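Note that chain A is present in both complexes that follow, paired respectively with chain B and with chain C.
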Partner chain A sequence: MPDRLEDAWNNLPVLAQDIAVLAGLVAPLVVIGLIIVRRLNPTPLAGAMLWRYRFSNALFVTLIAISVGIGVGLISQERALRTGTANAADKFDLIIAAPGSEMTMMLAAVYLQPSDVPLLDGQTYSEIANHENVDLAAPIAFGDSYRGAPVVGTTADFIDHLTGGLEEGEIFTAHTHAVSGALAPAQIGDTFEPAHGHGAAAEQGAHAGVTYEVVGRMPPTGSPWDRAILVPVEAVWDVHGLAIGHAPERADQIGPPFDAEYFPGTPAVLVRAEALWANYSLRSEFTRGDTMAFFPGAVLAQLHSVMGDVRQVMSIMAIVTQILVAASVLTGLVILMRLFARRLALLRALGAPDRYVFAVVWSYAGALIGAGALLGLVLGYGAARVISRIITQRTDILVQASVGWPEIHLVAGFVAITMLLALAPAFMVLSRNIITDLRA
Partner chain B sequence: MNPLRHPLTSALLAAALLAAPALASDDHAHHDEDSHVAGTGAVELVHAWVRAGDDDTTLLFVEIENASDRNVTITGGESDIATSVELVGFRLKDGETVYEPLPQVPVRAGTTMTLAPNGLALRLNGVTEPMVEGDEHEIEIEFDFGHVDMHFQVEPADATRHSHAGHQH
Partner chain C sequence: MTISQGLDLRAHDVKVRAPGGRTILSVDHLKVPAGTAIGVRGPSGAGKSTLLYAIAGLAGDVSGRIAWGDTDMVALTHGARAAFRRSKMGFVFQDFLLFEELSALGNAALAASYVHDSGARQAICERARQHLEDLGLGDNRRKVDSFSGGERQRVAIARALANDPPVLLADEPTASLDRPTADRLVDDLVALTRSGGKTLVAVSHDPALHERMDRVIDIIDGNLAAGTPVHA
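Our next item is the complex of A and B:
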């Protein structure tokens, strides 16, 4: 592509580019269609052909729909997964933790998949919290659960950052207070005793005598934090018999500042800086021997790049499938035309112009292909929605499938190619011997 | 013309801006024999690289070691093979990787800032020739104290770091 043309294309808004691609795919088809049916009305006869062999036609449409649906579903589902996981991590600008696996820490801190990780000490936390570029440094302490929901210790500022404000109730102001996620198994006013650990390994009764009361409820965030119950980080330390982050004379204090000497450690610190550049500076500064700083978004991008490779393979598979189906459609149309051979021969014998017969056959094929493609779009979208709902239920990550431009382009491309291929059986009908077909 | 490109202007700026003698003594780049290191002595740039490809833009990564006793600020760059060079930062937006322009980023005294994939980078816009693996090109990286000229190497299209990363220069 010449540079000037390429620059003009790159300067177009994304929406305009998508519309242009669609127009490029559909326009030749529209032009050919207009030429074929010009001053003709093939609809009644094509409709009659559709009705006469409706069950065969329905099967044909179903096969096309399933093929198109697989392609649409694959693309839509991959995008939904990518967007959902990214949105769930959106509030986690920078995580600082003890050196280890970024992936493990991201799964633990962002997606609340419990893991045994080393702790950051009070000196390090103070260094982070007091850094001139840091606007929020929230400890995230996990390890307990209630009815399968993680009980996470943190600060009120973190909840405000995560949600932008509670949906109902109020923030915790005492060691015994808790704020529940939108899908957590505890409502405002409920009291509960946390278990030590998670899942099957959770030790019920390990924290006997400890009771939290839910005083607030967060709005949905579309992340695993919706199922979590958040308590003051001081309470988590207290429950485990550790120092509570403050000197004895400030034992009732909830939230920062914390005293380094009484800070028992935290698996991770969520850090936020208002200035974008400051996050990079902080990551660089706290990537050192005793700390690990990373952007969950960057770790996700690495994961997505692996998914991207899989997506490419899937896309190739989808395209190969479409080509095979297009070839099958062509074969199927040839067979269908043999079914109609006698009727079409009669039509031609009665004096119908070749162009009219051609238009009838091509319109009939177009109806089958168009109906199959549209049904496939609906099927693919429906399948992606069902799968997304299951993933959301299992992971608490809000995965929402949608029909986007890539799917529309895929369907438009499929229709354009198969409709062009459908010209072949239409020509073949005209090349058949009328007498032979009438005697058949 | 960028005034920082002129050696005299650059030196005057550096002398005016820098209280630290270590930086003020030499704002011009020097290169070691294998061209993987450049800098002022107090601020050294190591292992600049880009990925092979023929795109209109490419991202340049480099390690910046600030051994001086003052903060320095990286502001951008210039190159003969690109119409512009700007500092950009990675973000994941709706699941898509984007690099947003940044005005400047400080490198604190005694620290190392690494420009790396999925982080900070210098974006070369309007690249005039394909980046061929193994080739080397020149770039001028601009700081608040002046500029540093250095070579950058073209690594494989799927590289995640400089092929000499980890070597001591």
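Our next item is the complex of A and C:
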């Protein structure tokens, strides 16, 4: 039977599972709430209590909101980061490079983080490019920069694959042409001289006399390639005094096919196969002594998996924090109940049913907790959006925070636990001595 | 609007004990006929309010018999006592005990919030509105925190009568008011209880209130004073 239940659960669509989890968290509250307030009207008195100590109540709501906001922001931000990095790697199906660190090569090729890596030779490149299952084999040559933006040598086919077409201008057709990323510091018509290397180590003037003219502009891709300037790979080789990938009689040719004898080497080759199975076959085939083939998505998944442990610890910390806040709220409610003790004793003296007194206290607590949780959801989302924007600006990886089911479940769980805890002060009110409170 | 007539009170061998077990009130025999207005006086700490709380079913450790009509409060459960107070008793306290954030009508019709029956709810609101009007507080939407002491106590009287209870219990209703306001309040209180044929038990130090009662009983050191008639 449990297996059947598990199967039935696993067969549900994800949305249905999410809704079911939410319903499971909220349902006990709804049932308890209906039992408590059925045919009673605690709203006016709960409202009066809220207004009576509005500043203390506002402080409570703020405390809850900040706590919930931290949890929501943390989860939302982490997911946004994971999604953003995965999206940035989306176009990089398979990368083939010289043996080394997959992580280093992924950071270099996908996220354009500068690093020194060995090169693949022309023979190997030709083997890849001429493989029957390969539809696209684009060399990616990095090493230069312009005003902090990487200048990357590649082919027109790669740009087409990455962007689906230029936003404006034309693709490069000469060694001196360049195509800029959406956020690159060079506009169409600009000319610039590349520096050798990156950042503080960049050697200005190392390529003196070499200028590129920007002839096209890519649409935004949400990846670090938005800040890059792409030039023909032949130009990068040429600038560095290497062979330019083609026999002398075809020296003006831009793009493939390349001549293996004149191919000076490339740090990485982006490979794309139409069929999914072919990618796996190619990875297997080019995982050998002189080459390394890997799926950036898989490496990223490994990274996320390692980070996932940290995320779990952080999530637990967020939950523990919220439980502590819930306990603080509970203590605060007990203290507030002492402030209301005389009025609540009056209600009981007048003959109000215990259920009504209970409903007033619980509704009051519910209003504080509910308002705090909702405000926390908004705060957390807002904070995650701000942080995402900063990360996007700094890394050029498009990170977009959103409110998803995990955040909604977290908030619903927090509300459910806190509202259950809030039953305690409501019970405590009923155990107080009416006469003592009336005389207070 | 129907008006419920007062209930008579019969108390026998009543002992109220403090949490430590000490007897703080002892009443051998007391009878208050329905529709009578009774004043309770005595020195501070003598047990006047304890008597009021005991006959209201609010005192904790009580033995003996306290019967309103045929209902013995001592024998009732906690919930049944609350239900009895809800339907049969109205209360007026020394310092009003109103919900400051509600209007006069919101306070006077408080019982409507916890009455299940919609007809009864409507009747409570209607009576509360009528009593407020009779007491000169009609058409007043201000929150009661802006009311004078006299106005507040009149709202409390309207609240006590909104459920049309046969019994009205008042604990020092004039103690927080100046003389002219107190006199007017006593007029209102007595007029409304007498016109409704209700039984009124009012604990007070105020001789002006005692003068308006049918009978006054004295409590001294937790006992009915010697010579206090036990029958009206």
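Here are a few things to note about the model shown:
Note that in this section the second predicted complex is superposed on the first by the 439 of 440 C-alpha atoms of A that agree within 3 Å, B and C clash if a C-alpha of one lies under 4 Å from a C-alpha of the other, contacts with A are read in each partner's own complex, and residues count from 1 in each chain.
In this text, contacts are C-beta pairs under 8 Å (C-beta built on N, C-alpha and C of every residue); 3 or more make two chains touch, one makes a residue touch a chain.
Fair warning: this is a prediction, and the values are worked out from it, not measured in the lab.
Overlay on chain A: chain B and chain C fit together in the combined arrangement. Once chain A of one complex is fitted onto chain A of the other, the partner contacts of A:Pro42 are limited to chain C, with no touch recorded for chain B.
Once the two complexes are laid over each other on the shared chain, residue contacts for A:His240 go to neither chain B nor chain C.
Shared-chain residue A:Ala298: touches chain B; no touch with chain C. Of the two partner chains placed by superposition, A:His131 touches none, neither chain B nor chain C. In the superposed model, A:His409 makes contact with neither chain B nor chain C. Using C-alpha centres, the superposed arrangement gives chain A a vertex angle toward chain B and chain C of 120 degrees, stated as a multiple of 10. Of the two partner chains placed by superposition, A:Arg432 touches none, neither chain B nor chain C.
By the document's definition of touching, of the two partners only chain C reaches A:Arg343; chain B does not. Once both structures are overlaid on their shared chain A, chain B and chain C have a minimum Cα-Cα separation of 53 Å. Touching of chain A by both chain B and chain C, each in its own complex, is seen for no residue at all. If you check the complex, the residues on chain C that touch chain A are 49, 53, 56, 58-60, 79, 82-87, 89, 91, 93, 97, 99-102, 106, 110-114, 116, 159. Within the complex formed with chain A, the residues of chain B that make contact are 56, 89-97, 100, 102-108, 111-114, 118-120. Residue ranges of chain A in contact with chain B, taken from their complex: 6, 10, 79, 82-87, 89-90, 276-277, 279-281, 283-285, 287, 295, 297-298, 300-302, 304.
Within the complex formed with chain C, the residues of chain A that make contact are 39-42, 44-45, 47-48, 51-52, 342-343, 346-354, 356, 433-435, 438-439.
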